[in-house]
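One structure, as structure tokens, below. Some questions next.
Order of writing sets the chain letters: A, B and C. Residues in each chain are counted from 1.
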Amino acid sequence: MFKTYLENVRKEIPLIHNITNYVTVNDCANIILACGASPIMADDEEEVEEITSICDGLNINIGTLNKRTINSMFMAGKKANEKGNTVVLDPVGIGASKLRRKTVENLLEKVKINVICGNISEIKAIFTENGTTKGVDANIYDEITEDNIEDIVVFAKKCAKKVNSIIAITGLIDVVTDGEKAYCIYNGNKMMAKVTGTGCQLSALIASFIAGNKKNQLEATFVAVCCMGLAGEIAYKRLNVFDGNSSYRNYIIDAIYNLKAEDLEKGARYEIR
Amino acid sequence: MFKTYLENVRKEIPLIHNITNYVTVNDCANIILACGASPIMADDEEEVEEITSICDGLNINIGTLNKRTINSMFMAGKKANEKGNTVVLDPVGIGASKLRRKTVENLLEKVKINVICGNISEIKAIFTENGTTKGVDANIYDEITEDNIEDIVVFAKKCAKKVNSIIAITGLIDVVTDGEKAYCIYNGNKMMAKVTGTGCQLSALIASFIAGNKKNQLEATFVAVCCMGLAGEIAYKRLNVFDGNSSYRNYIIDAIYNLKAEDLEKGARYEIR
Amino acid sequence: MFKTYLENVRKEIPLIHNITNYVTVNDCANIILACGASPIMADDEEEVEEITSICDGLNINIGTLNKRTINSMFMAGKKANEKGNTVVLDPVGIGASKLRRKTVENLLEKVKINVICGNISEIKAIFTENGTTKGVDANIYDEITEDNIEDIVVFAKKCAKKVNSIIAITGLIDVVTDGEKAYCIYNGNKMMAKVTGTGCQLSALIASFIAGNKKNQLEATFVAVCCMGLAGEIAYKRLNVFDGNSSYRNYIIDAIYNLKAEDLEKGARYEIR
């Protein structure tokens, strides 16, 4: 199964339109290239519709969102809907401001979002009244562990049904669900939280995998999450005594670049709930 | 002494709000994570006050400043003042344009700035009429050496008193002073000037260290400067024959990530004047 | 010959003004530093003319172009013309939107552009009606190979004459021409296409080399293209079994940093047509 998903991305070389933050944009471009897809970044109202039209998928990320680009997100989103392209939404730091919250709410109302990808604090901030936040990182009281995984799955399924989107929640355990079926993924390494933008990179990866595997969006999302987690593990094993989070950042992208289907078949650790 | 400062940052995990340039923003985020703090980047007028309100420190950097974000710097600065949070200002390339100079002057007038961190050319451009500039780098005639260190310390103390801020001047020798006490730091490596944004990274680090050590701002700034310089030395020792400024960039951030209090106790080279 | 060009950049330390995209801007800054020049990024209308005035060269790159910065490109371009400084234009993804196409057309009309540097799809999109595009990458049907190199050279010379600029076309084989003389450069590695922004980096390098060698613009451009290609080869040889496109990105910049004239004399593979 993994093999086909990986190969499809590399064979199709889908073009991914990213409207994203200026903090982690370079890493997003490089991880899209690493997995076999091709990135284009464009955020001006005067060109986003046209750009989305030649692309195979759209990745919207609200980190460093601003007046100039918010409307572009809506324009690109609607155009992607028209074309039948997947739209991935990463609600970075949504709990941190009304502007972010309002933008996400409006996007969910006016654009058909295929996948929402965020940490548990961000997903809670969208769907509950009492979402807490610690900036762009998950609140420490919001960890997903073996102890609360069942509750999280129930919550994620409810969210997915409510907005009719795939929900991908990242954390020590990741959860991917369309409301019916839930994949719990045990891959990854906690050091990934020490690299800025691993979440942004995952959203870019999901957009790439879905664009290359349009008929199986849930599985494509699940495979992308496994790839990212496994890359985090492979990269962690590479670390020498002097390496820190900056080298780790490079090694994660490198691991996506070199990822083989066999590694994924062997290394993916997940269960279906 | 160093031990406590390092540990406090790692224990408190202060959240740092950055309004900064799009050139070195990713490195700033990663070095903030490396030292144990947590970064958030936000620059839109509609959200900066709210973001600053949930943060523990504010880092304003005028590289690539522009119409859209200048007002955000003032709004965030005032809010940080209200909240009693530290504001660090990095006057990147201030000598290069009236817009940069005017923005810094206005910021100094309307916002209580706790630390101004820049190279000697930038600090001269703020406080004297004849500041020269070589873009964002220090003018070669502006080097701080054993020969002129005494004059520089006198100058730095005068500047600090004038604006009632801590002044951190970076160079071959770094000077940190609150107007009364001056630390001269001999750590660092001249290759750091070949990596874009090591100055920006230092400002982000200072904001993190002060946010984690609010009661001792001068010492927190001094410790941050030692960390950066020592990281530059450790990273330099790691370089192999093929490594250049790009790998060096990664190694510096890695060194901050791995920095131990003992390394700092042993490695910090400074005097008080 | 190569020796002088390299040494001049390192000796002159030309200051390069970049108005460029936020995706690859950090790599552009680091490669400018790596070759011995000094970068400054500035894109606001209120300061670009002043910044250009203190610089030795201007690099305009239309990736992520937007309302806020388009006029800045014209203002800076005209000022650079006035000052007699070189202007390099990188028409990133020009085929992808009318906004990009229109901006490039207007720039070519109103600003004297010294070098246009792009992949073959981008150059075709400027000069022919039937330019195809695959986002920011060259269309796969647009490769430059031994089979079509003669036609490409003829085409490139015609383009160069039409706009009275040097044309640098990147691909498996690179072509640099002023309309009379054409250099075909065989250096490089196809993995460079898997790193975002190697094209942007080359444009920044060309601006640096011309600014350091103002009297020989064609040769300076040619030498910059050789440097980039050779750096791609040297970096490729460094790759270990775990390294992917992210480490490769670092190694390319590192290779520019360490590049010796002898390496270039020995390693440059080119012919004149």
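Quick note on the criterion: a residue touches a chain if its C-beta (ideal position, glycine included) is under 8 Å from a C-beta of that chain, and two chains touch if they have at least 3 such contacts.
This one's a predicted model, so the numbers in the text were calculated from it and none came from an experiment.
Relative orientation of chain A with respect to chain B corresponds to a rotation of 120°, obtained by superposing CA atoms and rounded to a multiple of 5.
Counting the residue numbers that touch the partner chain, chain A and chain C have less than half of them in common. Centre-to-centre separation between chain A and chain C, using Cα means, comes to 32 Å. In chain B, the positions touching at least two other chains are 22, 26, 68, 249-250. Touching chain B in their complex are the following residues of chain A: 21-24, 26-27, 63-68, 93, 96-100, 133-137, 194-197, 241-247, 249-250. For chain C in complex with chain B, the touching residues are 13, 15, 22, 25-27, 29-30, 33-34, 38-47, 50-51, 54-55, 68, 234, 238, 249-258.
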